[in-house]
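Below is one structure, written out as structure tokens; comments come after it.
Labels run A, B and C following the written order; every chain starts at residue 1.
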């Protein structure tokens, strides 16, 4: 079973032909990945990937949550228990279980990404199922031993131009230093400023006082930076200092997964709450005010140091208590909730929303805000941009609804372009492929309905796929020979 | 005017051809109706239906509310007044009023269901209107006197495999006993466990202390069961006992139309509130806590006795005060409101969401939760399934948006299949016809866009129409020669 | 570049052919504009329009907000500063800046309206851009000096049948009197009852006590009407009296842009709050209760005097504080927020929702309420009608989603028809053109899917474009030779 060259294009013949033309313009563009969660050691160590089950199934909570929703438990899938309970260790057994249930994923993005990866990356042109499980396992296992399937070889083969990982301020940036030290004959360096692999400053675990171990992490930040983080000023100074380290490791953005988009701008009150939090004395609403205030502090730092802010609130973390207790965080137990932006962001936008030195990219899991809040905000504040549809919405239907809901109010040029947001390195090309096709399909409809010319649509497609993410995530001018020139010359240059 | 064989299929020729193929696979499948509101006496007594107005117009609040919204009052339509005010009694007059306003229903599901029923059930191939009102009335009246139009004859002609009615714990189950007693030469019995007509346990009027007459109904429950329902333990014991009676009358599910999805798990507090409620002493939030706690109690009972829970919150009952005062409940005066599931259900899911013996089907009138809450919950808890789009959303556009919003996150196999949810017995085939066509159309688009193969889509169509409702509503293995085998063999068998 | 005759029609050839047929039925219908914000002096003075920049760019906040969102500041665009800061005065410079950024509007309604206006009104068949900016400017400037481009000449050329402006009770109605005094040889008068240009009663700045200058405006209302507006009864009497003046100036509707849809029916409490507000003593929730109560008072007045009420809540005014401080109100700084109708409107609907003498048209910026609240309300109360998708939703995709979300529950006949809602006089034909095409496209899909016959769809299209706005906004029987008869004869006549 090969991939159909017209996949994800509209069925109508005329529109499909237009979609093909538009999409064609983007197929050779490098992949820009300014927001993701690949482990940087994968790249710095460049070891072979483990077996197929551990590569594809065990760490992918899109897959394990769907299987679990139909009764296949995490330990049957080899997800490591935080309580030390036994879990399946045999890769082939896990793979077979997965393959037997592959029909559950019919029509889902997970299946689309996997089918692409099996075919385009690993050269398997069959349908996974109980009957082909072993054949897939053997084929994949064999490939994974080859040098061409080492992470850095795949990185280049995938035509990735830049990949951002995500680190906490207390994480080591050593893998990025190691990447920077890799000798390069010609071309760009693997790590550091302007490198192929860069970091992202994600301070969530330092600003949520309810997250177990918060106080210890604040102390650790002090040790790393030599600042006295037992005071609020010292805490801020430490974060500022650490941002410089991240910038040296290539960071151009920060990333914030606050529970809500609430912001709050009162440094004196924030200092008071910070000190109460260190003493474990927070009451009621104060638990939410420290992260809310810290968003404003991080915006202030962004104005100073130029890092672009990313905010993706609205996920109720660890909603599934049983999963959390048994298998910990990030195993598919988070559930979205309604999320306000209009009111919640006002304090931050009052302070910085019109500041030419500030940029914030808003994501959401609550698609009701696309047309109601996020598009009007991005179309009315110079600092606000719209992030790609995220997580549960990172899907063909989700992306289509996203474009339909935001573009008429905010245009295409207030959207930040696609981000793959993935831990699953091998799925990166598949995810960009889906996004480029869905955008081509949407633009083709506008052309077919005479709402845009084909040449306008082709330019927009290139901007969405390449120029806008480079510009809005602060990646600067093209590092490689310019693949395209479609962003209008009148367009303000990135700072 | 006949029904077009391609109705509800996409206009695009290629996609339409695929939709026809997919739909063809479902046309001979029996109708499974695990959630509905047909009066069981209709079946047990098997009397002829009344005149066309009383069959089609008077009891159908989809119709009377639309007519009322354009100024035709309930008494002009013969809806019985609760105050004893006079209302139209002449069936033909009511029918003519309805026919004159039939254009109001253009493009609505109500019109689609009626046109189907007129054509396919009654053999009238014209357009209803002022000019044809009498012709319809005479034709329909004549048919209704024929034995072939008695309820049980239609039931078999409609190819209904199983039809669930809905009763309160204080309702008599005598009609179901009478159905069970009907002699059958061969084939299945009409009533009782595994029968053609089964009941559903719906305790709403026993758990909402604000519903007039609540205390008396609680006492009545005590009389029926011989339990002391003046204590909370006795109340629970009575409900448990009554569930066994319902199970004997064929019930496989319970049904809960709480105002919100709020759940609350504190038996001691609940007992205290129950006692205050009996004394009429509830204050503030306590009014909502008894129904909220009872959801958790019913979940606990479901784990014990295996009944599948159904929850459909979010309707503000009797919003139209004037309609309620004049014509009572269920006459079209309810209005939906925003409804939370993520937070509201957490206590119930903490207790039972991962219990392999528990199943809950969630419905909503607030389509914003499809992608944001319900699909993530169903795709992340083994106990949660997604109910069909309900009431105002039980329409071609509503069903399409439903599939588009949930399938990419929860897949098809966490959706429970179509339920017709109707009081209008004659509309049952029409409603299933619409659902099967809309699902075929959606699947055809996925095939045309190369997101699924045609054989996968055909299997999914059969599963949605037949296998999933049987499995998820606890109806067990096929009672009749198996019409299909498309649920994957690896699929867990219903308990 | 001419306008494509099939613009906005579906790409599928069969559906497109149907859309053409349906649309054809509406192309000669006069434009009915019962809700808009054109300055009446434009019509009464009938002076030439200013230069192209001041006609098209400076006053259109759809344009200035998008440009600002990409860093072009209001003063660079000549938007007058409220602080007296210098701003660009050269029309050609402003125009060039706009033209250079015209790509930002690709695929947006703003661009569609402008391209239509350039082509159909001004005869320019090119694409605006940096290279053609001067050519456009010169061409437009030349046209604007011609008598055929004076406002009243355009009014007739646009085939506008009636245009409602919007005035506050303290505004002068002198422009409307002047219009009424214009001699007409034959045909209808320009102003006054039944005139071509009528007014609308919009009391927002008299009911929001937090709006700066509120108390002074209440006093001014007293002076205008000779009532003692220092008492609540006098305030209400003054408003009643003023409504009569508005009715004499042609008004058939009132317009209410409350922050929320909250209503509240307690005259004694309202009087108390009104007096506290005059003293500047409002506390907490009281700030919101005066406007909430006034909605019920205005409904009461509507029952008396027959004015149709329009309510469009949900906009957080002046969200962008920096814009507001620098350039004042209505410059693109408002942002929508989630808005409740089900609960919020209940007091008003309890009082008047079933009153045959009352009509209220509901608009929203929160599209989640279309299917959940507004369609069920309009389909269940005789007084409630659904307003056209408004502002950010007045776009092809917004209109399509609107139809898809409301029509199956409320039908087409509870929707009030299109309103252009614009300050931009020259864009009126363009906006109606888009609306008629999008409705034709939607209806064509229903026909292509065999959910409606083509003749039904053609009737509905005419009703949506012409008959429904005349009926629901109280404009009465056709003033000109009846262009069509498609509203069913059984349809209740407008009072």
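Basically, a residue touches a chain if its C-beta (ideal position, glycine included) is under 8 Å from a C-beta of that chain, and two chains touch if they have at least 3 such contacts.
It should be emphasised that the depicted structure is a prediction, and the values quoted were computed from it without experimental measurement.
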Relative orientation of copies chain B and chain C, as a Cα rotation angle in degrees, nearest 5: 120
Type of chain A:chain C copy interface by residue overlap (half), same or different: different
Centroid spacing, where centroids are CA-atom means, of chain A and chain C in whole angstrom: 41
Sequence positions of chain B contacting 2 or more other chains: 10, 12, 338, 368
Complex interface listing, chain C residues touching chain A: 1, 3-4, 6-13, 65-66, 68-71, 100-101, 103-109, 112, 127, 130, 316, 319-323, 332-338, 365-368, 392-393, 395-398, 401
Residue numbers on chain B that touch chain A, as the complex places them: 10, 12, 14-15, 338, 340, 342-343, 346, 349-350, 353-354, 356, 368, 371-373, 375-382, 384, 404-405, 407-414, 445-446, 448-453, 456, 459-460, 488, 490, 492
